[in-house]
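Below is one structure, written out as structure tokens; comments come after it.
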Amino acid sequence: MLQEILQSLPQVLVDGLTLGAVYAVVALGYTMVYGILQLINFAHGEVFMSGAFIGTAFFILIMGMGWASAIPQFILLIIVLILTASITGLVGVGLERVAYRPLRNAPRLIPLITAIGISFILQDVVRFIAELFNGNYIVTGPSLFSEQITLKASAISSIFYDARFKTSFLIVLGVAIILMVALDYFVNKTKWGTAMRAVALDRETASLMSINVNKVISITFFIGSALGGATGVLFAVQYGTIDPYIGFILGLKAFIAAVLGGIGNIRGAMVGGMLLGLMEMFASANLSLLTGGVFGAEYKDVFAFAILILVLIFKPEGLLGKPTAEKV
Amino acid sequence: MTILEVTNITKQFGGLTANKDITMNVEEGKITAVIGPNGAGKTTFFNMITGVYQPTSGDIKLDGKSLVGLRPDEVAKKGISRTFQNIRLFGEMSVIENVLVGMHTHLKTNLIGILLNLPFTKKEEASAEKEAYRLLEYFELDHLLNEKANNLSYGAQRKLEIARALATKPKLILLDEPAAGMNPKETKELTEVIKRMGQEFNVTVLLIEHDMKLVMEISEHIVVLDHGEKIAEGNPEQIRTNPKVIEAYLGSAAVH
Amino acid sequence: MKGKLATFFSNKQLQVILYSLFIIVTSAALYFSQKSVVSFLLLLSSLLILHFMNLKNVTKWIVALGLLFILIPFASSGGPAFQSYMEVATMVGIYISMALGLNIVVGMAGLLDLGFVAFFAVGAYSYSIFATSQASNFMPFGNFPLGGESFWGFLIVGGIMAAIAGVLIGVPVLRVKGDYLAIVTLGFGEIIRIIFNNGDRPINITNGAMGIASVTPPEIFGMTLSFPNQFYFVTLLILMFTIFAVLRMEHSKLGRSWKAVRENEIAAQAMGIPLVKTKLLAFALGASFSGIMGVVFAAKQAFIDPTSFTLMESFTILVMVVLGGMGSVPGVILGAAVVTILNLQVLTELTNWLNQLSLSGVLTIPDALSPAKMQKFIFGALLVAFALYRPKGLIPAKNKIFDVKKLKDHRPDHLNNDTKENSIPIDKVQV
Amino acid sequence: MTVLEVNNIETYYGAIQALRGISLHVDEGEIVTLIGSNGAGKSTTLKSISGLAKVKTGTIQYKGKEITNKPPHQTTILGMAHVPEGRRIFSNLTVKENLLMGAFSVKGKDVIQERMEQVFTHFPKLKERLNQKGGTMSGGEQQMLAIGRALMMNPELLMLDEPSMGLAPIIVEQIFEIILHLNSSGITILLVEQNAYQALSIAHRGYVIQNGEIVLSGKGSDLVENDEIKEAYLA
Amino acid sequence: ACSSDSGSSSSSTSTTPTNTEPAEGTKVIKIATQSPLSGGSAIIGEAIKLGAQMKLEEEKAKFEEMGYTLQLEPYDDQADPKKGVSNANLIGADEQIYGVIGHYNSGVAIPSSEVYEKYNIAMVSPANTAVEVTERGLKTVNRIVGRDDFQGPAGAEYAVNELGAKKIFVIQDKTAYGTGLADAFIAAAEEAGAEVVGYEGITIGEKDFNGVINQILNKKPDLVFFGGLYAEGGIIIKQARDKGIDVPFMGGDGMDSSGLVDIAGEAVKNTYITSVAGDSTATDSGKKFVEDYKAKFNKDPEGFSVYGYDSMGVFLTGLESAIKANNGELPGKDKVAEAVRAVKDYKGALTDVSFDEKGDNVNAKIFLYKFEEASYPPIQVGEVSQ
């Protein structure tokens, strides 16, 4: 049994990291907004989904233009990432204006309602548009970065099987890591990043420091949503097929990842996302083996949730979260 | 007679020792004050007595029975009540409801009684309400009874916290900087209330305060903490003139 | 002008006359029309108006009960749409009861729970498993399915099972706070659903994703209940019990403890309130209301499967609570009614109507934008509009107003003439 | 020259009226103090000036410029700093980051560095603690940080809301010395204090607020002697 | 605005209540469709609706002559049983609705049909394959498609006997449909002598199934069966092919959609599906249907479009005969339901329909298809009758 688990381990790791990278970047969007407004932006999953659609639309559009086929795929990806991120960033800013800003002094859970409302609206708007242009709302984009690469894990030790992945895996992982590192630097080392943390801690006092709080919040939403949109593009590249409902489950998982890592904490979101991806992949590949077929892959979420709950019971502020022990 | 007996308690937060080997007694019926510089560990000391924190070592006894290991609500039931340095009212609840919550330890009704609205429950509730109202009258808060606690001014909130603490009918009440944010006149009036309260409610008072006028006027016994350690203990006169205390805490205020 | 109007309407007699007129007109309209969602809704809204009227509480209750038990069922029985009104009303009742349960947890005790539908599922499965032959798969004794009379007993069993589930979930969860708690409860909700969804192996308890069909309908005095109007009365009775219980709790020691815990845990504890016990009680009681209605739901649907208990369902119930006004019993009732009626009736009718317009060519809409598929979209837009329009909820929570006179007047005589009383002195101190 | 001119302002929190027509002015180089009992409206006055609270009627001018109801990030950039009640330092930021936030609108690394050095001359303790999280400092240190943070804006007008609250007597003494020192280095100061005696004794002028109205004003030394004040606030 | 007659606003000509004779003009008969028009399976829900709509409009003239106006009333059941039941109650309450074409999901059809039964409204299902749908003995419930206990074995026999599969890996989507089909398949496959080397469930709506696919890699089966819908099926096939799994895949009617090809692309090759829906272009009437459908709705039909079409045809046939039997007067709903159940030898665009006593179509066939190219529809490789 152990042998079988080990054999597939390299492949499971590769697959887990792919999924984990997606979770992690989406989780960043949750964590940023949460960190600054203590608000769970449940519409973030839908921003991610919109990004996937916008990106796919760009790919189809650009590749439909004859001359564009000369552009190297990688450059194309970067162009689409930037375009999409800008658009979803603006969507995020608009979202905050319309649905959250007017409710800043309302009871804490009220924005949850607007978030759910906006989610439904975004889902259907995207669906209508996709159907209008495509006749079908399940969209499959052009296939990019699909060369197969074999990771010769068996060369390391004969215990392992080789792992296979597409080039897109490297792209997803690479872009995700770059985004995370850049964001981490921005938030921790730059003036506006520090201002963001200051606003998160005490909005009134921050405004007394000549910080334009609304602007900081808009920037936060822009960055968070741009990240979400960019991940949408990566997702579309990696998995090929998208529909307007991918945001809900994935958004939820990403949020769980953010909590697992310690919500409000950027590195926590990364760790949580990667971990959740790995755990899920491991569970769906091995649960049957481990339980002799009694519990199968369908229990992978139970497994992931059980670990999440355990972590939170023993470390209620998440893996990397700082205990916010109230001073009494 | 000693009501509270603290022996060798120490509290560490990671590397930081907030309280170190403190031993002291509180005499029944007397007003005792704990003073010391900011960060000396006064509030931490209160938190250990009330079960918010567990001491790293040492023992705390109320009427000879150890409190160590008890949860805050259990400590409250044993007869210790407190106010907080940063006010902790039930902000969205009304003033009288705040006081009523204080009386809960003495309400005997249960789920069945509540669901069936048994006569016993009704009677108990009615008399609790009246008693709460009388407490509000005592603190001159009666005209605010239906106001949300959050909407009260700072001073009124402080008084309400004391009223709420008294509602539990404690043997020992712990006040953490009750005069913070009050002007000298208000402080003086508060001083009177604390003095009278001790006698009229038959409760022993242990308080933390930076206002030396108040402290010196009402305390019969003062304990001084610095860097988590007890550096002095005695009556107001002894403390006022203790050079260690002057240097660490009083400064030229000792002159006043 | 506005002032005059206000005084005009605050005249009590006039109010009563206008109100009666309103009820008579709407119920007549409902009774004599084939199908009029509008008059049905107007008649229902009379309950809301009643809430805001300037009458004694007892009077309000009597009128409300009259409306609910007699007038509404009678007036809607005039046309063929009778059962559909009753179906909607039954679902409204079920959701109100659940929302009131969740309101205890979220609104009063301040514990954000995103997995609340799990308790509904526990109730529904408790009945379904025993009211079908499903139970014989694992019960060595007994004769299954149980008869329809067992339904009544199962109302209690369902409530207790859900309460137990509430405590079981609560115990490990209570270490976790705030939004972390939300995620943990969400996790538990999903775990329970997944277990029901896979509960056909190794032993077939829940029949897994296939669901449990042909659940025995309830029976009373030899009469089988299967039509919505019958379930309407069952639901209404339970709902009345729920509302009564919730109101009792709200202004009692229990309700105050929950609110105190919500407002400030540390202070609540310092006042002698045991946190764990108080929170668990909130979980258990809230869950039990949901569990009871789960039993009713299973019996009404005659078929249940795990798709009725998804996360979205938990969100919906939470939306009802928050939209109505967290902690506010009338608010939550209104919130649940509005959301349920919107979802099950108004939006369906509205999109049907728009669709007929487009099919008959009055409107030309591209197929992608067919109104028939716009329900979620409109629902979303309405949620946003509601929240922006009433950011504190439709009927925000209010504290009980204490009457100074009552607190003073009944004071024993000897206290009034300034004699000192031993427990608490009453004379004022200059502070 | 008049730095600050407040004309008959009324401020509400929802339905609650906190200020009922406050008028006051602060001249260049002065220490002006605002005293009054709890809930009188002292903090609200400062909040109205800096823009944290919305004024319903009345006007506020800073150095001749109309600033009524301008948001705080616009008023503070003009050269007024507001140190709020309860210190309100950014607990999770380091001392250095807190100071940098004070200089948020300041351009130029050297300028910032220079100002930081200046702050250290007033508060040498802060220099030792540059990388400590603000929230872990003691009450007195936090108050110093709060003032230091405000000084990073290089303000002409410094508004302090109860800087002595909750501090040990020895620290209170230090704080008042620092205020005097800052004033002598050219900063105009508007000081809200419960510690009326000490505040009045260092102030040039003072205003007494009661129920949202100014009931008395005058020179600091006169007010200390005033019987009404003694009766009402000094005891 | 949405007043009393919300459903029948277009019947502005006949505002009088229905139970009395219409003064002039014609009497309205409404037929509802219930299928998911929003959410994850809206494509097929919509296809069912459009198919039904097309047939209704074709027959309109005929009924107009008889003095009746046909009207379609589409309901969105959102693939949610609660919604389905509550819609069913609205349908039941509408005096003018005589029949329902629907549902897509058996999980919705089962509880909703309990309600139709109470109101004697005939339901003709174009898609529900779960055994339980007709097995409860409801007199109003009919379906024109085959059952899972017919479809599963048909696939299993083909897999074992024709494709020579010895080791089979089974995946299902943990829905009522997926579980029912997979279990039926497994039972028959084991009977036929194959070994099931793995049996896993996936979560609907997700997009990454590599975990389960890694198990396939380890188990090295010679066929993979998926019980579920094309949205997940397509992704599983694609991701498996990416990992170098080139054994045949097999699925059921849930995979019978152009979406499968859109999603899986080239990877769809060497995939077999069993379907309750036949190749629409196999018959002349089917070809005509496809052309008309494209012309009318400007898109390709789905596998289930024609079943929506034929279900409506069956219902209208029953309705017509009920009216005729009642001398041109519209009989009660129960009579209409009886007449629908009594339909024999109906010639649809694709399938012949005769209902047995349970409401199952005795002519229902299972068709076997293979994707040899990445195009839809696939090539028919077999056909099984009962």
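A, B, C, D and E label the chains in the order they appear, each numbered from 1.
We take it that contacts are C-beta pairs under 8 Å (C-beta built on N, C-alpha and C of every residue); 3 or more make two chains touch, one makes a residue touch a chain.
Owing to the predicted nature of the structure, the values given are computational and were not obtained by experimental measurement.
S.K.: Looking only at C-beta pairs in contact, point me to the busier pair out of A-E and B-C.
M.R.: Higher C-beta contact count between the two pairs: B-C.
S.K.: Among the chains here, which has the CA centroid at the largest distance from subunit A's centroid?
M.R.: The chain lying farthest from subunit A is B.
S.K.: Calculate how many whole Å lie between the centre of subunit C and the centre of subunit D, each centre taken as the average of the chain's C-alpha atoms.
M.R.: 51
S.K.: Taking the mean of the C-alpha atoms as each chain's centre, how many Å separate subunit C from subunit E?
M.R.: The mean C-alpha positions of subunit C and subunit E differ by 36 Å.
S.K.: Between subunit B and subunit D, what is the separation of their C-alpha centroids in Å?
M.R.: The answer is 31 Å.
S.K.: Give me the residues of subunit C that touch two or more other chains.
M.R.: 197-198, 266, 367, 373, 376
S.K.: For subunit B, jot down the residues that touch at least 2 other chains.
M.R.: In subunit B, the residues touching two or more other chains are 52, 84, 186.
S.K.: Among the residues of subunit E, which are close enough to touch at least two other chains?
M.R.: If we look for residues of subunit E contacting two or more partner chains, we find 38-39, 42, 174, 201, 298.
S.K.: Under the touch definition given earlier, write down the residues of subunit C that touch subunit B in their complex.
M.R.: 245, 248-249, 252-254, 256-257, 259-260, 263-264, 266-275, 281, 399-402, 404, 406-408, 410-411, 423-431
S.K.: Quick one: in the complex, what on subunit C touches subunit E?
M.R.: 33-39, 80-85, 87-88, 91, 197-198, 200, 208-211, 213-214, 226-228, 301-305, 307-308, 343-346, 348-353, 355-357, 359-360, 362, 367, 370, 372-373, 375-376
S.K.: Inside the complex, what are the residues of subunit B that reach subunit C?
M.R.: Interface residues on subunit B, with respect to subunit C: 50, 52, 71-74, 76-77, 81-82, 84, 88-94, 96-97, 100-102, 104-105, 107, 109, 111, 114-115, 117, 121, 125-126, 129-131, 133-135, 137-140, 142, 145-146, 148, 159, 164-165, 167-168, 186, 189-190, 192-193, 196, 200-201.
S.K.: Which subunit A residues qualify as touching subunit D in the complex?
M.R.: Touch list, subunit A to subunit D: 191, 194-195, 197-198, 201-202, 204-213, 322.
S.K.: Contact residues on subunit A for subunit E in the complex?
M.R.: 4, 7-8, 11-12, 15, 18-19, 124, 127, 135-138, 140, 143, 146, 148, 161, 164, 166, 235, 239-243, 245-246, 248-250, 280-285, 288, 293, 296-298, 300-301
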